[in-house]
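By written order: A, B, C, D and E. Residues from 1 in each chain.
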Amino acid sequence: MKIGKVIGNVVATRKDERLVGYKLLIIREMVPDGTGSLQSVEGAVGTSVVVDLVGAGVGEMVIFCSGSTARASAGDGRAPIDGAIVGIIDTVDVY
Amino acid sequence: MKIGKVIGNVVATRKDERLVGYKLLIIREMVPDGTGSLQSVEGAVGTSVVVDLVGAGVGEMVIFCSGSTARASAGDGRAPIDGAIVGIIDTVDVY
Amino acid sequence: MKIGKVIGNVVATRKDERLVGYKLLIIREMVPDGTGSLQSVEGAVGTSVVVDLVGAGVGEMVIFCSGSTARASAGDGRAPIDGAIVGIIDTVDVY
Amino acid sequence: MKIGKVIGNVVATRKDERLVGYKLLIIREMVPDGTGSLQSVEGAVGTSVVVDLVGAGVGEMVIFCSGSTARASAGDGRAPIDGAIVGIIDTVDVY
Amino acid sequence: MKIGKVIGNVVATRKDERLVGYKLLIIREMVPDGTGSLQSVEGAVGTSVVVDLVGAGVGEMVIFCSGSTARASAGDGRAPIDGAIVGIIDTVDVY
């Protein structure tokens, strides 16, 4: 999984019907530095669109997963989903 | 998923028969900057060939998925597909 | 999927028996520039070994897929294959 | 698989219920140089969140796997997991 | 698949029991240049840990696969494996 921050959302009226009912959120990956502070990862590597499985909102720090894991985690596992928020972060500790 | 722009298409007469009937589109990944404007991702990282599942055309902004999710989303899930357009974007908002 | 050019081949006499009968080709990813001309992607990102499912030869421009999609596309889906050529390209158009 | 060092942990009270009971650890990939010494891989490429399947603790050198392999390895294979520690390293030898 | 050179090994006494009996080898990806000579890919991109399915040893040039393909190729497909050597290379030809 990766740590990310929800930075926005996408609206798509015309879409695969199996996506109906999912919030499509834009997420930016965050990486902890040596002190545990989270640094934003810019550009294509750090940015993707995910569905929300846990009630996350814009600005929140979350855990998200990718690939077939995201698909298998959402609904019946057959929606065209390859990214999903699966947790809302309380604290990050780096030692 | 990723945000992308359809920039072209590929014609391949000789191909795996399970690909017959699919439009093969060239997609370029787009990443929102801090204002929500979409910036093109050049080169190998940002460019791939996908099938279209929602009636997208050249120049449109779309959502696409990758890997086994794309394969599972298209037809009976057995075609040699690892990228698929699954939504046409109305708006992108970044906060 | 990705666009690639077949640039060579690998011979491996000792191999997993499920690979017997497959041609092992070296492929270099190609990315269209703004005019539709295909530019070679050098190095690790752009180079891999794939099996050929459509009768492609050295020098040809092809479409190839990766990961579980390549495996599922070849034979009974159980061979140790994570890259496969699935189409031979006639034309690439970028708008 | 990859070699990694456990550098921290994440607490997420609100999460997909299938993650309950798993320790969420932050891992940094390590790469051996020519002498076998392990060098840390900084940034997004080298950092992820994984579950622990073998009792690893902060500071330990481990082997971790990714993607559907991590998911299939944990419990009944249906939890939203795409990274998992599967071994604790005794020695690394590079020749 | 990728071309790689076996450069070392990892010993892990405490590990997922489904890994018992597998040799854990460190592999470095190799990429052919224009003449067919193989160049080493340093760093995180080029380095991983794989199991050996074909009797490869340190110093040998091999073909390895990744992800769910490696898992599906090893034993009953349920071990926590995401990289596997599936062939030992005799020759590489680049045209």
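A few comments on the model shown:
Convention: a residue touches a chain if its C-beta (ideal position, glycine included) is under 8 Å from a C-beta of that chain, and two chains touch if they have at least 3 such contacts.
A quick note: this is a predicted structure, and the numbers were derived from the prediction, not measured.
Taken together, chain D and chain E share no touching chain.
Between chain C and chain E, the least number of touch steps comes to 1. Steps from chain A to chain C, taking the shortest chain of touch contacts, total 2.
Chain B and chain D have CA centres that are 31 Å apart. Between the CA-based centres of chain B and chain C the separation comes to 19 Å, rounded to the whole angstrom. Those residues of chain B in touch with two or more other chains are numbered 45, 67-68, 70.
Order of chains round the ring, counted from chain C and going first to chain E: C, E, D, A, B.
Listing the residues of chain A that touch chain D in their complex gives 1-3, 29, 31-32, 36, 41, 45-46, 53-55, 63, 65-70, 72-73, 84, 86-95.
For chain C in complex with chain E, the residues that touch the partner chain are 7-16, 18-19, 24, 26, 43-45, 47-50, 58-59, 67-68, 70-71, 78-83.
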